[in-house]
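We call the chains A, B, C and D, going by the order they appear; numbering starts again at 1 in every chain.
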Amino acid sequence: MSAYTISIVSIIGINVILAVSLNMISGFCGQISLGHGAFFGAGAYAAALAMVATASVPLALLAGVVAGSVLGILVGFASLRVRSDFLAVSTIGVNFLFVGFVRKQSWLGGEMGISGIPPTGFGASGNMIMILLLACATVVFSLYVSRSWMGFAFRAVGEDEQAAATLGIGAGAYKLAAFGIGTALAGLAGALYAFFTQFITVDAFDFILSVMLMAMVVIGGIGSTWGVVAAAVGLTLLPEAIRFVNDYRLLVFGGMLVLVIRLAPGGLAALVHNLFARTRKA
Amino acid sequence: MLIRNRRLSALAAGSLSSLAGLVVLATFAASPARADVKIGFQAPLTGPAATDGKSAQIAAGMAVEDINAAGGVLGQKVQLVTYDDQAKSDQAIFTANKLIGEDGVKLVVNGSYSASGRAAAPVFQKAGVVMIAAYGVHPDITRAGDYMFRLVHLGPPQGAATALYIGKTLGLKKISTITMDNDYGQATMDGFIEAAPKYGVEVVNKYSYSLKDRQFGSIVASVKRDNPDGVYATGYFFTGGPLVAQLRAAGITVPIIGSQAFDSEKFIEIAGPAAEGTYIIDSFDRDRKDEALQKFFTEFKQRAGYAPEGVAAITYSAVRLMADGIKRANSAEPDKVRDALAATKDFPLLEGNMNGFNSLHEMIMPIQVNEIKGGKFTPAGSITDLNAFAPPEK
Amino acid sequence: MYYIDLAVTGVSFGCMYAMMSVGLTLVYGLLRILHVAHAAVFALGAYVVVLVANATGSIALGFLAAVIVTPLFGIAIYRLLYEPLLRYRPDVPMIASVGLLVLMQDAFRIMFGEQGVTFRQNALSFTTFDFHGVTISAVQIALIVTAAVVFAGLHLFTTRTRTGLGWRATVSRPKIAASFGVDPVKVRYLNFAIGSALAAVAGGLVALLNNLVDPSIGFVVSYKALAIIVLGGLGSVRGTLVASLVLGLVEAYGTIFIGAWLDRDAIAFLALIVLLMIRPQGFTGARTA
Amino acid sequence: MSAVLELDDVAIRFGGVQAVGGVTRTVDAGDFVGLIGPNGAGKTTLIRIIAGLLRPDRGKVMLGGSDVTGESTSARVRAGLALTHQIVRPFREMTVLDNVILAAGIGYTSGPLRALLHVSRRREAERAMEILGSVGLTGTERRLAGELPLGQLKRLELARALAVDPKIVLLDEPLAGLNHAEASRQVETIMEVHRRGITVVLVEHNLEEVMRVCRRLIVLNNGVVIGDGDPWEVMANPAVQEAYVGSGMMAHAEA
């Protein structure tokens, strides 16, 4: 495998973890978060600091997961207090605050970011395998969650909190759980990203990234794990495969987001489903 | 929330996507081999840094055409392999691996910001690929190893040279500083603040702004209150233009000294009459009687529709230097090109002649200063005390 | 004097925020949609002003063109994007709206270049007045005066004219207004038209102030405007005006006093999150969905 | 007989209006209570307080002997309370069967961790089918709840309430919007629920049906209880008649 293939597969793996984890929050549990980049970033920074300090991969992974989920649970608590349309704006705010704060902190490297993150020692292909294994585990976990009673309760909370309460389902605990799990996974992705690039700057975690991730979830079909995985893989490869897409990346992503919502709100998953339904009828 | 998945459809979507992925990967694997000498090129063609990326891309293309028109190198044509890195670290690693693995490139010019250069440098170093960073100013780039070269003054030395110029040449004592919040702006300002006391320059107050800011009302009001002898600002022309205009509009008449990336005709266009009397440190002398420079100017304007800025000139020079290295090494083997580049002496860049590289492969060269007079860049001397802004050694 | 200088900066920026945010808050009041793409309208306004001004040599013509073009664009966004999505949760059109903004921003880059466009002749940008040591630029005065005139006009329109009354009634009590024969569809068009024109004027004035229109001109403003309308208690015009002015002032002082540890652009969101923790229903927060 | 639901001096004000002014009542296990009163009497407010959707200004709510005043709705449901909403709130994007299965799985959904550790729905699906049968929704299991007509949705609400295996159900106008045939079908089902030993509190405008099925009638007016006891005796009470005649409710009820 060439170094290029290794790096693209690594990025795909990281994007899959990010998109699937966002899907748990926004797809399964219906809590629209437009600040996923902040949790990803928190994980990356924590892992980078841990790696620089201890050079221990497990510790760095743990640091990433903890940082992502701590920030996520804080935001989750906020989500308990505010209406859903406030939540979308608040999460955008969290992303801007994260970037605006880290930018000015010299202990986080400020504008310079954190460099000289020690290598994991697995080599590029070892890193890729680790990323792929964790991405697969994330997908399997997501599939399991959607089949479990937790996924069932998430759907109820996402659709109607009050109705869920009348079935004995406390929306608050589930929303916190969704944020906690989703952002822990984003933090994990952040740690993997820090291993992959070996240096990080805050610009990599900006709001546009959060929009891209939301685009993956929506285009894949909100709530559908496989659809979201497909979209994450497809949208990462698309600019690589098609020159035009590469030059007009934002135009294409923005356009797809608009068109998918406008014409096929169920995303890829629903399109494929309809296709099957039609051929079966025919 | 919209339409829920069904298992079947989801599986189908998944397999479809992996199929698409395989096809895409397969097309990458089959890239044809060419006899030309390939030079890899990374630049931010999209995203917030696209302004500079575009100029760098045009300039690099011109350099390759000029080299080929003059017979190429080693009897072969030079071919530029360009990728967009969005000035982002992950994309830089991505495209670096692509250049190495898919295109078999051994020589690279990085025409991008520090974030890209820093991420790409270790990848190239490990693969034994020579890289010249055209204008990435972060120290980490050359520290990645001996295959790395830099064709621009590091941020901190630029800042130190600025302190020298302000203190000795302009003779100003009290300075307010305005820092742009990115690695380039911050590093350059750090160098200035460290060196300032040596030349009797006192920093009255420090302010900072973000790359996205075009409105500086609060900073302007504060500078007005500081009542300094001069203002030193780091930034790009698209932030510097509005900044200078607003400083002048508030009745601040003291000299304004801008950092290298102010260097663009667009700066004068934006700031209009307010641009008058602004000094730009490490700017290039456009009037120099140099055929190559004048030709570059006319041609670039024709292609881009605007005049070239420092970024364009430096990227052009970087590609030319790489070709020169190949000629002197009489080989396109990276090890030999590396040694030839390290031995560079008095190479003519568009900005003037560079002395050479130091042990860390940092460029050694005097710093030019321009003042804007009558709406034009006018030479205002050069800073030749190389020891005052010596870059770090190995 | 220094603090007054800062205040002038803050107020003029507050006025810009107000003109930008009122359109957003009205759309929210009417449709419960967070109209993020409003920033694309703002940027479009800025581009139209600078391009027409450069082509004709008249800045006034530029503004005239902008207030003709952008309302049509705003109405088109409603007709083609939001109207078909009204039956979904409000998050759905909002995400589409984010997509539209990202798309438009890249389209501006492709059409008008990364370098941005400057005014050929823009005496206004470089004209300043000095009142006993307080400096105020012509564009700042224009911002403040325009905002004052526009909002006074808007107030008269919504309290004195039939159409205006119907509009206001629809925003606050849609069902009752409809039962009194106000056509809700017409009101929505009117709403997008007026909101878009206001954003375009704000965009044009910012273009003059910067003497530069680049593709990112609307980006930060767009999300700040979201924070503002939440701070102002979603859907409340008065709240939005107050929040705009307060944010303008807080930013003007904050840049200097807290700029060392927080980016200016993050101040709005810090305020937002603090406020939501204390008062989850927003500043005024009388109305709930 | 033990008390299932106790209210102790429950009161709430909205602005200047005393919506509920000090209600103290006990509902015993096996009771079938009708809660009536003219419009604005505070019935729905009282129900919302019992359900935990509103917090009272003062007073206590006890379920099965334990104080739940500070508890959330979901906690009360888990303590044995079930309720149906005046305006139906099914999960429209789930199937009818899933709606009921989710309710039947209350043992698993008490907390996220517990929910995460359980996957099988077989037992709950069987129970849900049985309950759907008992409310007469057999045949609709696979349809999306959002596609059902109102009459069936009202029954679905009842089915979900039964599926959480409650000790007491609060039914907020379960007959509203139903035609005559649907209404009497619904009443039958409610009586069947009561026969299974579940305590029922019924809020209804349809006085005729309330009088027919309830064993005990509580009448609210202006937020206070003005009558409580055997339905016919209560209705004979002049104060109750006064309140109803004053509001024109009697005429409405007889119409």
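Quick note on the criterion: a residue touches a chain if its C-beta (ideal position, glycine included) is under 8 Å from a C-beta of that chain, and two chains touch if they have at least 3 such contacts.
Chains and their UniProt names: A, C = Branched-chain amino acid ABC transporter permease.
Since the structure is predicted, the reported quantities are computational estimates derived from the model, not experimental observations.
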| item | value |
| --- | --- |
| Chains in simultaneous contact with subunit A and subunit C | B |
| B-C or A-B, whichever has more C-beta pairs in contact | A-B |
| Chain at the geometric heart of the assembly (C-alpha centres) | A |
| Chain whose mean Cα position lies farthest from subunit C | D |
| Chain centre separation in whole Å, for subunit C relative to subunit B (CA means) | 35 |
| Mean-CA-position distance for subunit D and subunit B (Å) | 71 |
| Whole-Å gap between the CA centroids of subunit A and subunit B | 33 |
| Distance between the centres, which are taken as Cα means, of subunit D and subunit C, whole angstrom | 48 |
| Residues of subunit B touching at least two other chains | 1-4, 46, 181, 210 |
| Junction residues of subunit C, two or more chains touched | 88-89, 91-92, 106, 259-260, 263-265 |
| Contacts with 2+ other chains: residues of subunit A | 103-104, 155, 159, 248-250, 265 |
| Contacting residues of subunit B [partner subunit A, same complex] | 1-6, 8-14, 16-18, 20-21, 24-25, 27-29, 45-47, 84, 86-90, 93-94, 97-98, 100-102, 115, 118-119, 122-123, 127, 138, 140, 181-183, 185-187, 210 |
| Residue ranges of subunit A in contact with subunit C within the complex | 32, 34, 78, 81-86, 88-90, 92-94, 96-97, 99-101, 103-105, 207-208, 211, 214-215, 218, 248-251, 253-258, 261-262, 265 |
| Complex contact set, residues of subunit A against subunit B | 2-8, 11-12, 26-27, 30, 103-104, 110-113, 115-116, 155, 158-159, 193, 196-201, 203-204, 220-227, 229-231, 233-234, 237, 240-241, 246-250, 265-270, 272-276 |
| In the complex, subunit C residues that touch subunit A | 28, 32, 34, 80-81, 84-85, 88-96, 98-107, 110, 223, 226-227, 230, 234, 259-266, 268-270, 272-273, 276-277, 280, 282, 288-289 |
| Complex contact set, residues of subunit C against subunit B | 1-2, 5-6, 8-10, 12-13, 88-89, 91-92, 106, 109, 113-116, 118, 122, 125-128, 130, 135, 137, 206, 209-212, 214, 216-217, 219-220, 251-253, 255-256, 259-260, 263-265 |
